[in-house]
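Multiple structures are listed underneath, in structure tokens.
Both complexes shown next keep chain A, but they swap its partner, so chain B is in the first and chain C is in the second.
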Partner chain A sequence: MMTIMAIPTTQILFYIAASVALLSALLTVTRYNAVHALLYLVITMLAISLIFFLLGASFAAALQIIVYAGAIIVLFIFVTMMLHQGDVTIKQESQLFRPGRSIGAGILSLILFFETMFLLSPLYDLSQAGVSTAVSQVSVISTKTIGVNVIGAKEIGLTLFGPYLLLVEIAALLLLTALIGAFHLGRRHQEVTI
Partner chain B sequence: MITEGSLFFFSIALFCIGVFGVLVRRNLLFILISIEIMLNAVAVLFVAASSIHNNSDGQIMYLLILTLAASEVAVGLGLVIQMYRRSKTLDVDQLSSMKG
Partner chain C sequence: MNVALGYALLPWIIISSTALVIMLFTAIKRDHRYTSLMTSLGLFIALIVQIMQIGVVEQHHELFIIDGMTTLLSALLILVSLLLSFLLHPWLQNLNDPKEEYYMLFLLATQGALVVCASSHFGSFFLGLELMSLSLVPMVAYKDNDQIALEAGIKYLILSAIASAFMLFAMAIIYFYSGTLDIREIINHFPRTANSSNIIYSTAISLLLVGVAFKLSLAPCHLWVADLFEGAPLPTTALLATLSKAAIFVVLIRLFSEGEWHNQTGVITIISIIAAASMLIGNFLALLQKNMLRLLAYSSIAHFGYILLAILAIKPSLPLTSTTSLASEAAIYYLIAYLITVVGTFAILTLLTNNKHSYPLTIDCLKGLFWVKPSYALALVFLFLSLAGIPLTVGFVGKFYLTLAAVNGQLWWLLAILVIGSIAGLFYYLRLILTMMEKQTDSTLLINTSSSLTSHFILSFVIVMVIGLGVFPDGLAQVIVELVS
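Our next item is the complex of A and B:
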């Protein structure tokens, strides 16, 4: 049973997790040291996992930790450890990326952000754009709350191996292709200078 | 309770941080990391939709995104290692030998 206290707690936890995720994502893309960036990326993944859990998607939250924080980040860290040469790499990186020169890109992504927010705001009329009114409009200022509908692993498994069986086969094929591709790319070729 | 609007806001903001990273970094490894952030932003939107509509289709799409991200990272990091072996740097501007 949900107590009265539980309602604001979910909201507060969501805002904290979202702020942590956004802040650490911003720190990830601005670090010189690849290892620091990856550690911030792990924090982003964990915060997103917490948001999944708050949304009632506990299976997705577990997968987020196992696959993203556990497998993908480890791959990144292995490659970084192979290529990292300490201060030399950091000095090189600080010449490749200068925060002062990134203002243009920052303005461009801010424009993209505000444009998407405008498209989702009620200021933008969908019927004006020729979209039939049968499509219900989503809105960024929607205050409709999301009920915690817990969708467990059983329900996902039934859907995955029922109507979406073909998707499992396609995913298997995709992983096999990636395996062969990564194996081929990782081989040592004769030295070709570019 | 979490509102729909705040989730959309979060997802769009995370996606734009990823776009910013791709635009601003010249190191191939950081570009891959930024792509991961963008994929995560979309995954948040799918799981949120699954929760809003109370069915599991969104989480199936999340599983597919996870598969895609794993394959993308495997191939992308293979390319990173190959690039480092050949040109001893990860600066994408150095990859100009195919310039006409």
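Our next item is the complex of A and C:
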């Protein structure tokens, strides 16, 4: 009985995170300013990582934050900010970076923040008390997810270096290709400026 | 990884290690001649190993299927790469950019095509596809200070990303409902009654078709191909037109036959419309085209429209045959004919231009070629006749096979469109031949051409293949029959 009660809680959390992801993705596309768009993109990534977590793929969730929300988006923002130069753009930016402008992004990320806090808090465990008191710590984590299976780093590692070993190697070639291509195309800019 | 699998994948290992070795050598010292030699040598060794494996090696890995059909087509893809690799040195020699990267990307693109060709799992299919398109993007935009090439590169990058997104979505839907990504297993996880079409499966297939149609430049997704053919450097265009399309087409055959798409009526309708539209649009756009490369782009749209007929004929229990193999044989034969002909055409065009043209390569550039360079002109005449499907060339046998499969599959209205398309095709191929036969020459293009050992070798190889397989199609057909069934 209690487990049936437990499912709606996670589902509600899922729908909130999903709507945040959709809304921020929509806002990403419709923003006129690149930095604003990127801020919303960060929120999209964070919301998606929360969805991953709810689905039981905690490792993918962590990767999503580290790789997308962390590394790639920070690079994006750096580049976009560096492209803005000159007095006119600085004046523009002082207009753009008023706190009032970031209110939408702030609200969306606050929603995600509270959701995460709720997931981590004892309040959440209380909402599915019947399950959590009876079982061990590991399955407490598993009740926080929609799916039954929690896929951790170990399972992913075993799959990647077991049946999917060749895919990992092809992915390595893929990265190498990207590197060579980026090296060649990036070089051109240098030559033109000289 | 066991030894048998290691042997089956030996050509891949050779090709990727060649790319890696070239990269390491380039890091120490750049030497264009050795790099070029190494590329050709690596591909040559891989080709020999692959040919030795045809029909002998049989591996059913989780991710790959290596059987007769895969080994034959892989050997063909490596052969195409090898032929094109001979042309890279003279072309890159005239370029101001760093040259060695092109070889690495070239080898990695070949590797990607081989992975796609052998993939039996959506994971390997997608990664191979990305490997191929990601290495093609810098190859398209390789030339320095070339606005058109850069534009073509961006177009290809963005559009192929969109196509990949569609494909990924299709794979996600399929995985969601079947719980497997293995192409051979998917159909077992959908409810299976006689002539049942499953709406979810059909939707997923349609999304998958968007991606595939983009990569094959089939009718509704063909808009990029002309710009790309025009903008990209000729060897890259050749690679795009042959290697990338052929590899994806092999997977399409596999998807169709393993996934039993013929039961999905909606899918059949969509593919029929795509085929008809490709045949008509491709041929009619090429009809009055002045630019040589755009013309070839449109004709490649039409050719893949033709091959779709063979795909549509893949279904069990047909009048002439009890098995599905005739249609697959026809598709593979036509694919081989297309590969040989197109790679020959691009090889000769590359030899003729050698990067010295900065103007668009129009049909007028070929004016009077026959009187200046008869051997080149003769080879081109055979190739165009083969593309048009005139008897005694390999293209005719391919089209004959195709028509047989289509009649067997009772695709009557598509056959009618095939005939209309072929007549339109005949018009512009013959126009090209007539242009070459014209008396006066005003082209500076032709004077530049130097005859080397490589060019003689390629010319004779192409003519022998096109005419030889056209006059004696038996041998190849026998091999295909044995390997497919």
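Of note:
Keep in mind that, in the parts below, the second predicted complex is superposed on the first by the 118 of 194 C-alpha atoms of A that agree within 3 Å, B and C clash if a C-alpha of one lies under 4 Å from a C-alpha of the other, contacts with A are read in each partner's own complex, and residues count from 1 in each chain.
Throughout what follows, a contact is a pair of C-beta atoms (placed from the backbone, for glycine too) under 8 Å apart; a residue touches a chain by one contact, two chains touch by 3 or more.
Keep in mind the model is a prediction, meaning the values are calculated, not measured.
After overlaying the two complexes on the shared chain, residue contacts for A:Ser102 are found with chain B alone; chain C is out of touch. By the document's definition of touching, of the two partners only chain C reaches A:Leu173; chain B does not. When the shared chain is aligned, chain B and chain C each come close enough to touch A:Tyr164. Of the two partner chains placed by superposition, chain B and chain C are both touched by A:Gly181.
In the superposition on chain A, A:Leu54 contacts chain B only, with no contact to chain C.
In the superposition on chain A, A:Ala62 makes contact with neither chain B nor chain C. When the two complexes are overlaid, the chain among chain B and chain C that reaches more residues of chain A is B. In the superposition on chain A, contact of A:Gln11 is made with chain B only, not with chain C.
Across the superposed pair, chain B and chain C both touch chain A at residues 164, 167, 171, 174, 177-178, 181-182, 184-185, 188, 191-192. Of all the residues in chain A, the ones that touch chain B in their complex are 7, 10-11, 14-15, 18, 21-22, 25-26, 28-29, 34, 37-38, 41, 44-45, 48, 51-52, 54-57, 59-60, 63-64, 67-68, 71-72, 75-76, 79-80, 82-83, 92-93, 96-97, 102, 105-106, 108-110, 112-113, 116-117, 120, 138-149, 151, 155-156, 159-160, 164, 167, 171, 174-175, 177-179, 181-182, 184-186, 188, 191-194. Considering their complex, residues 1-10, 12-14, 16-21, 23-27, 29-30, 32-34, 36-37, 40, 43-44, 47-48, 50-52, 54-57, 59-60, 62-64, 66-75, 77-82, 84-87, 89-91, 95, 97 of chain B touch chain A.
Residue ranges on chain C touching chain A, taken from their complex, read 1, 9, 16, 19-20, 23, 61-64, 97-98, 101, 104-105, 108, 111-112, 115, 123-124, 127-128, 130-131, 134-135, 137-138, 141-142, 144-145, 153. Listed in rising order, the residues of chain A touching chain C in the complex are 163-167, 170-171, 173-174, 176-178, 180-185, 187-188, 191-192.
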